[in-house]
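Take a look at the structures below.
There are two complexes below, and they share subunit A, which is joined by subunit B in the first and by subunit C in the second.
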Partner chain A sequence: MPLITTQAEEENDYSLVASLDNVRNFSTILKAIHFREHATCFATKNGIKVTVENAKCVQANAFIQAGIFQEFKVQEESVTFRINLTVLLDCLSIFGSSPMPGILTALRMCYQGYGYPLMLFLEEGGVVTVCKINTQEPEETLDFDFCSTNVTNKIILQSEGLREAFSELDMTSEVLQITMSPDKPYFRLSTFGNAGSSHLDYPKDSDLMESFQCNQTQVNRYKISLLKPSTKALVLSCKVSIRTDNRGFLSLQYMIRNEDGQVCFVEYYCCPDEEVPESES
Partner chain B sequence: MKFRAKIVDTACLNHFTRVSNMIAKLAKTCSLRISPDKLNFILSDKVASGGVSMWCELEQENFFSEFQMEGVSAENNEIYLELTSENLSRALKTAQNARTLKIKLTNKHFPCLTVSIELLSASNSSRIVTHDIPIKVIPRKLWRDLQEPTIPAAEVSIYLPLLKTMRSVVEKMKNISNHLIIEANLNGQLNLKIETELVCVTTHFKDLGNPPLDSSQNRDPEQMAEVHIDIRKLQQFLAGQQVNPTKAICNVSDKMVHFDLLHEDVSLQYFISALS
Partner chain C sequence: MKCLVAGGNVKVLGKAVHSLSRIGDELYLEPLDDGLTLRTVNSSRSAYACFLLAPLFFHQYQAAAPGQDPLRCKILMKSFLSVFRSPAMLEKTVEKCCISLSASSCRLVVQLHCKYGVKKTHNLAFQDCESLQAIFDPAACPYVLRAPARVLAEAVLPFPPTLAEVTLGIGRGRRVILRSYQEEEADNPAKAMVTEMSVGEEDFQQLQAQEGTAITFCLKEFRGLLNFAEPANLSLSIHFDAPGRPAIFAITDSLLDGHFVLATLSEMDPHGQDPGCPELQRPVPQLQAHSTPLLDDFAGDDMDSYMIAMETTTLGSSREGPRVLPSRSPSPRAPSEDDEAESTVPGTPPPKKFRSLFFGSVLDPAHSPQGPSPVLAEDSEGEG
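And now, the complex of A and B:
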């Protein structure tokens, strides 16, 4: 591929250079957080974190660690830029969205530094596509200040158990109410829509429940429109961890296995819509 | 004016159906020219900038076991009809396992192309399904707009890559920009390029080969000929090519791109003119 080898000489000073034999190991994870046009990319020698936010209430992060890439070089401590995620995904899937058996598209990603565009080189069957995407000034991303010490309730579920529930969420309800408790109903998802209220309970000894650690009864409501996009991550994942802290902030962490069996994580943070006194649940 | 034709061979019937499906994808309305030896599906777009035109030709004896036509007059032994392409392809859908297909020009309250399909059922009894496709007879004074296009001089002529790859790439590029640049040179290289304020995407196809071209004698093989077109027109053209053609050539000049395709024995010329 002459187009790519001439780049190699100049790339020594590039802020970020990464190669991947199968572009889908990158693009699939990004699709899981694609609910807004723009994303912030943050790269260190450990890998890339891509962040998408909405309404200052919800944040999604996709982590693609260095080990996923066949080659991964970050020149400085960290490299940050803002990019149009819709365009990035269109470019990463330029050879088609549906995987053809046995056909892989290779990716080489280069970022020269602040102010430069992100360069993508994609190759499939001897055909090379070169993309040059302008980057923007990175914006401050929210710090939800979610730390394990403040976690009151935590459960780990097999994703297949939640998929149907999330795909069929009553979108006429403004909120999704999540109840987590050491006592019945243990874990309950509730909506309050035009047709009435709907409750879905998961008992703590259910087969789908991999881990159940709830210390106190918490009932929190979250804007359903902010959480609905997390369904994409849920569908791709095999396991999900659901945690709430003492402020009612929600952390959803999804474990996603890629085509080569490697594991990547996507997390969603969401702040509660309003305080709900326990007596109302 | 008279026209009646019959297909009895299953392979010919399926081939004719495929051609009709392709035409339906390429042009909503088109003209059908019937002459003693050929059938032509024609699209002639008078729009100067960015428009498309099409000339599809098939030899009638490759399809029909019986073919009789009588044109408008002895000196003008041709018939020109206008029809909605989808009506023909929909009628032919019923002909999947037909024994015979008959097409004839009729006048049932209004002029029609009547398609009669004889289907054989399990019990060996046959039934006939008839479709009356409304058509408009095109008057002779409009015929000159529907003649075989003179192939314009191209700067570069090149063999096309796998259409499936082109189709996937153009689908995605269409999300980014309406304006596409096709570049090609005599070294077998073809590029598809889009450029916006935000992003530039170029797909490079190489080792494609170039058919012999008279004007290529003095041209630098590396030099690219380029044409700027509406990406949706290219996407529509590629969507119509579900089967990979026997031969596919692309001729590029700055005024238009001309696709010269052969699907088994059916030739298709498709022209997309450059955006001004």
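And now, the complex of A and C:
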């Protein structure tokens, strides 16, 4: 196979080379943040971080650590490029998106550096597809300056408990109000829609609650349209960590277990809605 | 008003709301001493539905705060439905449901107590309203059908989801017939298919209606009620009267009862009724086979051929022949005579005449000046 030998020879020319036996371990995580067309990728020797942003208010990061890949080489300290995420996901599922039992699609991903396309070699059952996706000028991503030392309240929930709540969110409400408090109602999600308001309360001693560390009552509102896309990550995840800092910024961290039992994380940051929440029962 | 629904009854309540949502956009809640009523009416006021949940249905039921009159309210169906969005989920996660309405808070509060101590509270905006009450009396209906909802649900299963109306009637051998109702555009090939289901008398617990009775009503609402009654293993009774009179669909259980009152189509034109229940309306095909072609021919052909035709037609039963001939010759348009002849004269008309049955309306305008008949007049009216 001349293709392979060329690769081997040029191996050192690539600033990023990553290969993976099961492409779904990569594509699933990317789907969890796929709510905008474009994404920025950062690769370091630790792995790849893919970032998607919207409205300068919400940011989603998917971390695929080096250990997920069977081979992972980064020649420079960090490699950054912007890419059309929709196209990337389409290519990664070029052999079909619904898994066939026992059949895995392998992936080899190479990037030569600034100005070059991202090369994908996908192989399933001896058939190889080569995709070249043009990369774009990386854009500066937002820094939410969300520092764990500033975290006021933190809750870890089993995702099961939030899944239904998020899928049934009253989208006629403009905001999702999150209340976290050391006292009742402990953890409350509220919407204020056309039909009226609704509240969802989780007691701190619920079996769904893995951890409850709330120091101070905080009531913050977030644009529901910005948070709704995080349902994609929620659906895939087994646990979610919900944190707010002293400014009311929200961090949602989703723990996603892949088909090989390895754990990856997806994180959403969202800034609070400016409007001061008025008290409603 | 305050009531508490526990366990599996939450799902029953949810399903009742789902079936009501097939009818109206607004839900009327009225607590009575003998239970909580949930009612709705559709926008054209042709369908009304009501569930009465008996006090025993609830874990706890209080129609009104002591010393106060019960409040009633009207809320958007959509918002109430969103509380009970997924009946499967209700069964899995909801342990109890508390509905309360008080004069002090201007909200209808629905609380769902779910697994893991999770509590969902919906504060729904409502409007004051008059009591919604349709006037109907199942006992006043001369005809009654009663069968397990499953039998009827299976019978309507083959109908396409887009089908608007269905005709229910009693056919030959007292078989109950459900047939897709077609509007007049029978020439539209997309609508040319008619689906008919026939259920034997033995599947019915009660069948009090004679052969030939039939009503046509909306399928969507009927399916809504069946979706509720079938999983609950309930019997459904259908009380009805002449076409055009409302039909009452009722289910009763020790804890609840439900009544759906649906309008039925008032007049069935011959084309509509014929596909509706051919077996029920035996005279109809005969009527067309004999009278229409004869009149057509009389108008178009000369008298001799008409006479010949009459003779061939009546050969089979000479007894009727003499009666028919004189009555037709002097006055071919007398409708009463025609009807009488049709229903009594057996035999097959000549093929040509049979054909004109189908093209009768097309031929009419040319023939009408010569011999206007009731049939012709009717057709040209329809065209104009």
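Some notes on this structure:
We take it that the second predicted complex is superposed on the first by the 269 of 281 C-alpha atoms of A that agree within 3 Å, B and C clash if a C-alpha of one lies under 4 Å from a C-alpha of the other, contacts with A are read in each partner's own complex, and residues count from 1 in each chain.
Methods note: a contact is a pair of C-beta atoms (placed from the backbone, for glycine too) under 8 Å apart; a residue touches a chain by one contact, two chains touch by 3 or more.
Here the structure is a predicted model, which is why all the values come from computation and not from measurement.
Superimposing the complexes on subunit A yields a three-chain arrangement in which subunit B and subunit C fit side by side.
When the two structures are aligned on the shared chain, A:161 is found in touch with subunit C, with no touch to subunit B.
Here the vertex is the CA centre of subunit A, and the angle it makes with the centres of subunit B and subunit C is 50 degrees, a multiple of 10. In the superposition on chain A, contact of A:55 is made with neither subunit B nor subunit C.
In the superposed pair of complexes, A:196 makes contact with subunit C only, with no contact to subunit B. In the superposed model, A:125 makes contact with subunit B only, not with subunit C.
Judged by the touch definition given at the top, the superposed model places A:142 against neither subunit B nor subunit C.
Look at A:208: by the touch rule set out above, it reaches subunit C but stays clear of subunit B.
For the pair subunit B and subunit C, the least inter-chain C-alpha distance in the overlaid model is 6 Å.
Across the superposed pair, subunit B and subunit C touch subunit A at no common residue. Contact residues of subunit A toward subunit B in the complex are 3, 84, 86-87, 90-91, 93-96, 124-134.
Residue ranges of subunit B in contact with subunit A, taken from their complex: 161-162, 165, 168-169, 171-173, 175-176, 197-207. Subunit C makes touch with subunit A in their complex at residues 75-76, 78-79, 82, 85, 89, 93, 105, 107-108, 116-125.
On the side of subunit A, the complex with subunit C involves touching residues 161, 164, 168, 170, 194-203, 205-208, 281.
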